[in-house]
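All chains are identified by letter, namely A, B, C and D, in their written order; residue positions are counted from 1 within each chain.
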Amino acid sequence: MVTRDDILAWLKCYRQTLAENKDYLTRLDSAIGDADHGANMDRGFAAVMDKLPSVAEKDLGSIFKTIGMTLVSTVGGAGGPLYGTWFMRAGMALDGKTEVTSADLLAAFQAGLAGVQQRGKATTGEKTMVDAMSPACAAMQASLTEGGDTATALAAAAAGAEQGMRETIPMLATKGRASYLGERSIGHQDPGATSSAMLFRCAADVLGRAQ
Amino acid sequence: MVTRDDILAWLKCYRQTLAENKDYLTRLDSAIGDADHGANMDRGFAAVMDKLPSVAEKDLGSIFKTIGMTLVSTVGGAGGPLYGTWFMRAGMALDGKTEVTSADLLAAFQAGLAGVQQRGKATTGEKTMVDAMSPACAAMQASLTEGGDTATALAAAAAGAEQGMRETIPMLATKGRASYLGERSIGHQDPGATSSAMLFRCAADVLGRAQ
Amino acid sequence: MKKLINNPADVVKEELQGVALAHGDQVRVHFDPAYVVRVDAPVVGKVGIVSGGGSGHEPMHGGFVGYGMLDAACPGAVFTSPTPDQMLEATKAVDGGAGVLHIVKNYTGDILNFEMAAELAMAEGIEVESVVIDDDVAVQNSLWTAGRRGVGATVLAEKICGAAAEAGKSLKEVAELCRKVNGWGRSMGMALTSCTVPHAGQPTFELPEDEMEIGIGIHGEPGRTRMALKSADEITELLALPVIQDLPFEKGDRVIAMVNGMGGTPLIELYIVYRKLAEICEAHGITIARSLVGNYITSLEMAGCSITLLKADDELLGYWDAPVKTPGLRWGM
Amino acid sequence: MKKLINNPADVVKEELQGVALAHGDQVRVHFDPAYVVRVDAPVVGKVGIVSGGGSGHEPMHGGFVGYGMLDAACPGAVFTSPTPDQMLEATKAVDGGAGVLHIVKNYTGDILNFEMAAELAMAEGIEVESVVIDDDVAVQNSLWTAGRRGVGATVLAEKICGAAAEAGKSLKEVAELCRKVNGWGRSMGMALTSCTVPHAGQPTFELPEDEMEIGIGIHGEPGRTRMALKSADEITELLALPVIQDLPFEKGDRVIAMVNGMGGTPLIELYIVYRKLAEICEAHGITIARSLVGNYITSLEMAGCSITLLKADDELLGYWDAPVKTPGLRWGM
């Protein structure tokens, strides 16, 4: 089982990763966006870290919903409502739990993805974070179906997200700010897909090591 | 005797010199002023050249006064009223004449200098065009007193102006825009002294060759 | 990065403090969540108008809060859409019982955040209408993308709708008017230099000394095409013709014309652009009935300009001429 | 050089054409000699007010022509004082029989040309008073030099004297008021980057990425000192303290405060400076009674700002608040 402490460690890892990659994400966003994705995510997860102590004793559903609301009210831009929705929906799937199985995690990731797609109306292939989140879920599901353990399944999710992230490079953006570029969006990696891949990489690194 | 045609050739030489040194004068004015002296003088003498044909048959007094008024109404800045005054006052000294002696020329130059000093209230040593005009007159007078011919006297005037021009480099400006710089005006050659030295150099080159 | 700022993280907060100090007679600034609101809000019985967006476009939107224009503006981080809680609080603060119009520029972030805010406000019983502005012809419109960006027409929409709200029009009517302005307005911009986002610390893009970007967005988003620097007259044509061609402006039409500076371009240059724009309009039989030349919707210190034309009938001109009293736009009072 | 211009030689002419097209309802532009004049000039029985100076400082002076401010402005070439014939024609065009005030910034060129113009106008029977503005504390004053430069206080003097003329004050009274404004106003400016004079084609000075120039003039004239780039708060102190120290501002004094952008600095930064200026004034017991934040007296595309404080009594505040209707400054009508 993945415990609440594991989950908190995962979030801490992600906060750390974002802080370290703030400039990198902003550089990606400079090429096809408006040069703020790194600062936005960093600001959001700094706020999340401030908020976490007050809910750390609660169930994972409450924790995730608090994260989601914190992101919505501190990030702004496209990233805020989308990541906010991801955490809020994932939180609904984790309602009442304080420890979770890999199947619970997958269900939460899938709920998050569905929420993002509903809010942002993007499907795969549009050069957005969906292109990292969606293959992450698919790879994790395939791994669990094959009987993989939590570590294996999360590693598959992270690899899937990273592959999806790289596959955004040749894509023509049709959603978000990059879509204004038309053909000129081709050849650049999507910043949101990149920050999403980092979220799954932290999950694999931290939660995969957990048991 | 220096004829009207000689004088017109002198002015043409000066107009040519200014056009060639427009950027140089502006560069000097960038260092301690506002980067416009070259453009101002060039604009003014282009207008003078346009005006000259309409008065070319008149006496030198009329020609010089027309030049002065043209400069006043086209140059602007400090240079416009000062060079305008120089030509207007020199013109008064040449009233009615169509050819002149070297003594007439000296009288005109001295009248011009007096006009400039009256208008601008500058004396020598203040890092202005006066520092070229004044030694030019002094050197010419000395040369004529020693019995120098027109060519010799004008060569002395030009050399005096150029020496005065160079001597503005170590001066602390106390008049004009450069005075706002205080100590920082030291080490730069005054643009107005430079354009004045060019006027005397053309006189030496063109009028000195005349007879 | 050469800017008159302290810590990049404090830019928006300190700017808002400056606005509050400079314009305390006209607006109040609420912090946490941040919004700028008319001193006399809510105006009972009047439709409230709220806009907002990333900071860095000053005077838009905060500078347009006041009589005859916006009731409140929500400033986000630099170039980042504000958050739903700001918009919700602003909406509540300006609701005088006649409902609230959200004027939203067409960027995914602005859309999503305003959408959430509208849901929350409606859940609290406030009637909300949202109108999306998407006037930037630089972006080739398509059913399959996020569509066109919202730029210069936003300023004109805020002025005109503000006047209509002041005149007692209903929420439905003001929203309809806003859609009309959006339908009749078109813009396009260009950049001579990049802007620098404070927290990014370096220029968003590199533009060689002899090149310019045509069709630039107000967040330094790359435009239609990069090309060799041209004269002001040629640049004005490159902007004005797509604007004129996109809308069925017809001989005899009147327009409100705006030549807007991006923040780093001096007024003297904007008038040179305006001169050519007037010539182009005349050649197309379009009469400029009203004009605005200056910095209204900027992109930090970017050098460049944008052109907006809004086809205008008597209704729009009437609202345009109505009194307005904001820090950024003022006449008639 | 990246500018929205055509031929450098045509910059001022084409800008004036743009001004004429954009503001034809408020001003007329006369060419050859060039001056901008109120549409309703001369106003019979009112003192006429004429200013002028080099172009490149827009909106000053042409943008301040209109009801309650200037009657006419004479634009010179970029950064070059205009010529006496322009000033003479402008003076004649605005003389409504009550005489004409010349507001002259203290630069040798402006002084000499306005002096010639005043002589010519008086020879034609027009009563002329000239007041020289020299408010720039960056220049250490001395009996032996050309003295201080005229900068920001010029804008405030034009507004205040314009209101007094509108109120029917005599030429002597308006000139006296102008001297009072000059006596009570002080300014200082700084640059983050150089401006580029169009015909020069390259920056007037080179300023490394990590340096700034304190005490800059509005023509890119070097200032008091060059130093390492500092924060907005520190820069504001470097400007505000010499201004406050130079004038006997006393605890309890009220001031009109202007934070002026040099042309290339965005509004968001000016508000950050204003915030600190307000704090400094408060710490000195000085009350900011009125304020102005924006681009009013610029230096082409230079990035930077200047601060002006004008000690203000009820008389000055009354004239400040009076209606003004110009392209660059407008309120109350």
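The rule we apply is simple: contacts are C-beta pairs under 8 Å (C-beta built on N, C-alpha and C of every residue); 3 or more make two chains touch, one makes a residue touch a chain.
Not measured: the values here are computed from a predicted model.
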item	value
Subunit C and subunit A - chains in contact with each	none
Touching subunit A and also subunit D, the following chains	C
Centre-of-Cα separation between subunit B and subunit A, whole angstrom	76
Between subunit C and subunit D, centroid-to-centroid distance (C-alpha), Å	29
Cα-centroid distance, subunit B relative to subunit C, in whole angstrom	55
Centre-of-Cα separation between subunit D and subunit B, whole angstrom	32
Each pair of chains that touches, named by its two labels	A-C, B-D, C-D
Parts of subunit C lying in touch with subunit D, wherever the complex brings them together	2-6, 11-12, 14-19, 21-22, 55-56, 58-59, 63, 192-193, 209, 212, 229, 231-233, 235, 263-275, 278, 288, 291, 293, 295, 298, 300-301, 303-305, 325, 330-333
Residues on subunit C engaged by subunit A in the complex (per definition of touch)	33, 54, 76-85, 107-109, 112-113, 115-116, 138-140, 142, 144-146, 149, 197, 199-200, 204-205, 217, 219-222
Residues of subunit A touching subunit C in the complex	23, 26, 30, 32-36, 39-40, 43, 72-82, 119-120, 173-177, 179-182, 184
